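In the two complexes that follow, subunit A is the common piece, with subunit B as its partner first and subunit C second.
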Partner chain A sequence: MKTFLNAVKKYFADFGRAVAKGDIWCKLSLIILGAGYFGRKQIIKGILMTALEVIFFLFTGLFSINYIKDLNTLGTVQYEAVFDPLTMKNTVNDYDNSLLILLYGIVGILVILAFILLYISNMKAVYRLQLMKEEGEHINTFGEDVKSLFNGKFYITLLTLPSIGVIMMNIIPIIFMSCVAFTNYDMDHMPPNYLFTWVGLRNFKNMFTGGTTITFSYAFVRILAWTMIWAVTATFTTFIGGILLAKLINHENTYFKKMWRSLFVVTIAIPQFVTLLLVSKMFADHGIVNTWCSNIGLTGFLKDIGLVSGNFIPFLSKPGWSHVMIILINIWVGVPYQMLSATGILMNIPTDQLESARIDGANKWQIFWKITMPYVLFICGPSLIQSVIANINNFNVIYLLTSSTATANMAFANSNAKETDLLITWLFTLTNDNSNYKMASVIGIISFVICALLTLLSYTRMISGDKEEVYQ
Partner chain B sequence: MKKKVLSVLLATSMVVSLAACGSKEETTDNAAGGSTAAATETADAADTTSADDAIANLIAATEGTVDIQLWCSELESYQTVMKELTDKFQEQYSDVDFNITIGAVSEQEAKDKVLEDIDAAADVFVFADDQVNDLVNAGALQEVAATYTYDPAETNSESTVAAATKDGKLYAYPLTASNGYFLYYDSNIFSEEDVASWEALEAKAEEAGTKVGMNIADGWYVYGFFAGAGCTLSMNEDNSNECDWNNETGLAVAESIENIASSPAFVNVADQDAITMLTDGTLGAYVSGTWNATSFQDQYGDGYAACKLPTFDVNGTATQMGSYAGYKFVGVNSHAKNVGWSMLLAEYLTNEESQLEIGLATAEGPANLAAASQIDSPALAALAAQSAYADQQLVGSNYWDPAKALGQNLVDGAADLQKVLDDAVAGITQPVAE
Partner chain C sequence: MKKKTWNIIIRHVLLALLAFIWLIPIVWLVVTSLSATKGVSYQHFFPTNWTLANFHQLFFETDTAANFPAWFKNTFIVALFTCIISSCFVLMVSYAFSCMRFKGRKQLMSFSIILGMFPGVLSMIAVYFVLKMIGLTDSLAGLIIVYSAGSGLGFLVLKGFFDTIPVSLREAARLEGASEATIFTKIIIPLSKPMIVYTIINAFLSPWMDFVMARIMIKSKESADWTVAIGLYNLLQKTLIGDYFAIFCAGGVMIAIPISILFVVMQKFYVEGVTGGAVKG
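And now, the complex of A and B:
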């Protein structure tokens, strides 16, 4: 923290020194960015910097300022259109579009921030040029500058595009989405016809005080619990299953190793989307599996011992049954992935350790539990945490398997939920069916915070720098 | 340092190009607004001569290519017939250069897709009647303030026009009036007396060893029982619901539904699973709509028949089931780039000849009365018989999940029905979250 503050202090101190000690060219650069370069005969660079400055002021003054000034209200003039039957055209007023105001407002502010950074570093750069000139050092020509971008400073050339991509694809959407959580953007406030505006923390309050549905707290607690159970169980069952399968295939008495491996990989090749939908059809109340079960008498047997009440086995349609089925199906879908990564790890276990254990008289189980598993766990730890997080948000498996079933629990139903819903699928139905963007954003922020915390914790605990040598 | 300059330069140029797009769009908007503002004069659009004038004016005022995007169902029959119709439309106005693209967005999804981004949505789209309310509330539909080639209010059945109207204003062009449900049955098994009531239907099915089905765990279908017995469900201004299904009549209805569902011959199955059972040959009768007509026709062959929904027993009286009527409309996007041409295309797609063609191609019943009388099918006849008991679907979104769970409870044979009904009504009538 202290080093950070010092860095900030130095950053501005350098700027102050540049302004104070700069000569006339440096001082001119405060107004015309390129001046400092013109003074040192770097004409092209000077022109580029000045052009950037002009473009910035044109962009901000003519375009983004119109949106930035409305950011505090997100617009006041509502869309109005009058249809003229004679010309068959709509006469539209000069209306505000809250969505565009928010989006371009954010872009405009980011551009201003970027310009301020550019402005400060430009000042320092021209001051450095002044010093170089005073000490008689060589000052690069434009051609030499460009050349250095492809030689010594090639990393900057390489990183430019990804950085722009990250800003456009990640930073701006994330800022935008976070802002929406503090507005009333929903079905009744849809741009372009209607305006939405800031509502402060109201959406968060609604979310946490259970004002969203009449049985919100009932459903929330239960769904949260199932989400956690699911995430942990799903992760560990596929993990253990994957390792056992990999061990089995790697076993010296297993023939056709490659064939087995390829067969399991084939299940990965088919998109989950397809397999899951197919499986949900197979296990439907009147699906093919139920037909088999009733033909071989299994349904009748289960009915006799009181496990089933209807004429079919409710594989995916009754709580309990569906919870177990979902985890089983997930094992089937997820194990091949874990098997692949486990195969790689098992093949790389240091053989000297295995050998010395064998010489010391350890049997196969002891070797597996005392050497193989700790090693695999050590290697897989971070990825396990990662898959727990992924499973918290495992929308596909849950939604595709159970979206067509109905709950019989009125308290769940009154909150648009089902027993098998994860937080993510529940919130999807809560918001998606009602174009409720504001709540979707609130949820987005919350799940982001949860996942970020988990990731940070696990990474700092499990692979903090020096741990690499700890396992021996 | 120089590299930072380069990256900032690149970033700036991208932002500038973004800005250029934005401002260009705006200027065209303003230009369009300006030119029409000057031409605003009172005109009697109902007058045919001025309607012709308006079209002539529009043709004269049109420059360049007119881009219109049309969204309709992804079904092949729909896509094909719409392509034919738009081709004919282009022939009719051959002076104008059109570029009409047809996208595949089903009627059910139209609202969600349109509301994602009204500006980017199709200019003309086909949608189901339950979306009128939300689409109008979001301002996505261009009001049908004037018509030019025919008057939808006169040629279509009254109930369809009413369903496309909100607050006294017509917002869409009626296309089909066959989106409701009725009973399909195999007349080789069931006689006309058998299909008159659920009790007789199930008795016969048990005897014949076949199954009869309906998707009771679905608010859209379960409504039929309660509505038939006179229970009410309606929507308030703020999209919350009013519902009295937990009164005495409601309780009797719920008991009756449990009775029906408890028969060994009854299956509670959703559409797709029902078609699976049908092709297996185990489903003798099923409550569904015109979209499944071909499946039932293929399976039942010469036994293929359809009729209005059966009666069911409430406190000893045979009560006719109600249902939701369903319609499909053609709507014009209020932000369409060429509102005039979009409206003319929507009119063209919904005039008598087009509705007849669409009806013949898709087995759906036209909303246009003259066109409807020219199509004859058992499914449409059954739908017409049911229409006397069918209601327009006006319900807030809080209805669906509680109603679905209510249906599931009735199928499961819940013991404490009064409590289930009370809970369901509490969920259905819960306030709309802000």
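And now, the complex of A and C:
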């Protein structure tokens, strides 16, 4: 933290020095970005910089400023269409679109921030040029600058396009979504016909405390609990199952290893939306599994002991049953994948440890639980946490298995949720079917926070363990 | 010796049992695609009458509900471009982070890793609005952007592999006067072919496997605009399932075949790739 503050301090101090000690060309660069380059005969670079500056001012002054200035209200003029009997057409007023104001406003602000960074670093670069000139050092021509983009500064060339993609698809959406959580953007406030506006922390209050009409807090607590139970159970069942399966297949006494492995891999080669939809039809209330169960008398037995009330087993349609079924089906989905990655890990276990344990008289289970598992956990710790995160957001399994069932619990139904929903599927239903963007964004932010906390846990291990140069 | 024989037998019986359980849905998919009954069979696992008509209908008798050739074409186009763009992005980012040293590299890398761990699904509403703003929803170009734009964040596995390439190779090349761009294209890329194949196949597969992003981005009611995932999902709606379940299965088989082949190709890279990332971080 302190080093960060120092870095920031140094950053601005350098800028200040450049402004104070710069010569006339440098000072001119405060107004015309390219001036410093013109003064050192870097004409093309100067023109490019000045052009960037002009483009920035045109973009901000003519376009984004209109949206940025409305950001505090998100628009005041509502859409109105007046039917004009003379032209037989609707005339539309000059209305505000809250959505565009928010979106373009964010983009506009990001552009301004980027320009400020460019401005400061430009100033420093120009000052550096002045120093180089005074020292009599060689100043690059434009051709040499371009060449360095493929040599010493190749990373700039490499990273530019991917960064633009990430900013567009990850950073802007995340900022936008965080903002929506503080507005009242929902079904009744849909642009362009209606405006939405800032409401502060109201949505968060609705989510955490009980409301009178819509019981979001009721559903939230239960869904959050189920999400966590699901994520942990799903991760550990598939993880342990995968390791056991890998051990079974890779054992010296097993023949046709490749064939067995391929048999299991086939199940991950088929897209999840096919297999999961298929499985959901197999376990439907009147599906084929229910026919089998009633043929062998299982349904009757369960009915006798009071676990089932109807003539079928509600595998995916009753809470409780469906929770268990989802975890079981997820074992089916996840184990082959874990088996593959465990195969690689198990091959790398240091054999001398196993050997010495065997000599000391440890039996197989002791070796498995005392040596193999700790080693695997040590190696897989970060990736385990990552797969907990992935399971928190495991949309496919939950949605594809249960999208055709409805809840009987009104308290859930009022907030458009189901007992088996995860935060992520709830978010999806809220946006896709109910246009309740404000609450969906709140859920999104909460998921973010949970994921971020877990990420930090694994992250310290992944980066701080400075292993990247060990193998070079 | 007797004990060992039993061990072998139990092992194989157990494996066979597990494989049997794991394959039930797959077998059901295949046999239902060959069923003469169009709807879901509730009574029999194997169809009573066998036919290939479903595949014929799938490819040659398209209607407003089922237009498999168009879906397949759409998904293929999306997958192809996604594959090209995101493989390039991943390669570029991995090289920059692994082989080059520049100011702020560590910070940028940490930032990317954290950002990359947030699942894209969470911000999907906003992604939808961003694309709507540029007018790219309901189009293949929009889907390509969704799948490939953020792909630079998935550099971890390939970077882990680049880290294992001896630095002396690059230094030698540099002494000979090669620029970074030359080292990248002439030394690093040829050396890491297996991992690049893995990256490419992975990128190619993701549009075929994905359901949720396509569902959000494509709102069109015209079945010719859909991808395989949305189209097949739609066939299982309550009103359609009675007539189209066998078609759904046939479609499932048709996309499973190419993907399975790619998977088998990838399998040997797969084990390396997954562990490569896990061990080296």
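One rule holds in what follows: the second predicted complex is superposed on the first by the 408 of 472 C-alpha atoms of A that agree within 3 Å, B and C clash if a C-alpha of one lies under 4 Å from a C-alpha of the other, contacts with A are read in each partner's own complex, and residues count from 1 in each chain.
Note that contacts are C-beta pairs under 8 Å (C-beta built on N, C-alpha and C of every residue); 3 or more make two chains touch, one makes a residue touch a chain.
These numbers come from a predicted model, not from an experiment.
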Which of subunit B and subunit C A:Q272 touches, first, second, both or neither: second
Partner chain(s) touched by A:D84 [first = subunit B, second = subunit C, both, neither]: first
Contacts of A:S447 with subunit B and subunit C, given as first, second, both or neither: second
First, second, both or neither for A:M190, with subunit B first and subunit C second: first
Superposition-derived comparison: subunit B or subunit C, residues of subunit A touched: C
Contacts of A:M169 with subunit B and subunit C, given as first, second, both or neither: second
Which of subunit B and subunit C A:A411 touches, first, second, both or neither: first
Touched partner set for A:L354, first subunit B, second subunit C, both or neither: neither
Touching partner for A:L30 - first (subunit B), second (subunit C), both, neither: neither
Partner chain in contact with A:G287 - subunit B first, subunit C second, else both or neither: both
Common interface positions of subunit A, toward subunit B and toward subunit C: 100, 104, 153, 157, 159, 161, 163, 168, 281, 284, 286-287, 404
Contacting residues of subunit A [partner subunit B, same complex]: 45, 48-49, 52, 55-56, 59, 63-64, 79, 81-94, 100, 104, 107, 111, 114, 118, 121, 125, 128, 145, 148-149, 153, 156-157, 159-161, 163-164, 167-168, 184, 187-188, 190-194, 202, 206, 211-215, 281, 284-287, 309, 311, 404, 406-414, 416, 429, 433-436, 439
In the complex, subunit A residues that touch subunit C: 99-100, 103-104, 147, 150-155, 157-159, 161-163, 165-166, 168-174, 176-177, 180, 245, 248-249, 251, 253-255, 260-275, 277-279, 281-282, 284, 286-288, 290-291, 332, 336, 340-341, 343-345, 348, 379-380, 382-383, 386, 389-390, 393, 395-396, 399-400, 404, 424, 427-428, 431-432, 437, 440-441, 444, 447-448, 451-452, 455, 459, 461-463, 465, 467-469, 471-472
Subunit A-facing residues of subunit C, complex: 4, 7-8, 11-12, 14-15, 18-19, 21-23, 25-26, 28-29, 40-45, 89, 92-93, 95-96, 98, 100, 102, 105-106, 108-110, 112-115, 117-127, 129-130, 133, 145-146, 148-153, 159-160, 163-167, 179-181, 184, 208-209, 211-212, 215-216, 228-229, 232-233, 236, 238, 241, 245, 248-249, 252, 255-256, 259-260, 262-264, 267, 270-272, 274-275, 277-281
Subunit A-facing residues of subunit B, complex: 1-12, 14-16, 18-19, 22-23, 29-30, 32-33, 35-37, 39-41, 43, 45, 50, 53-54, 57-58, 61, 112, 115, 118-119, 134, 137-140, 142-143, 145-146, 148, 217-218, 264, 267-270, 272-273, 276-277, 334-335, 339-340, 343-344, 397, 401-402, 404-409, 412, 414, 420, 423-424, 426-427, 430, 433-434
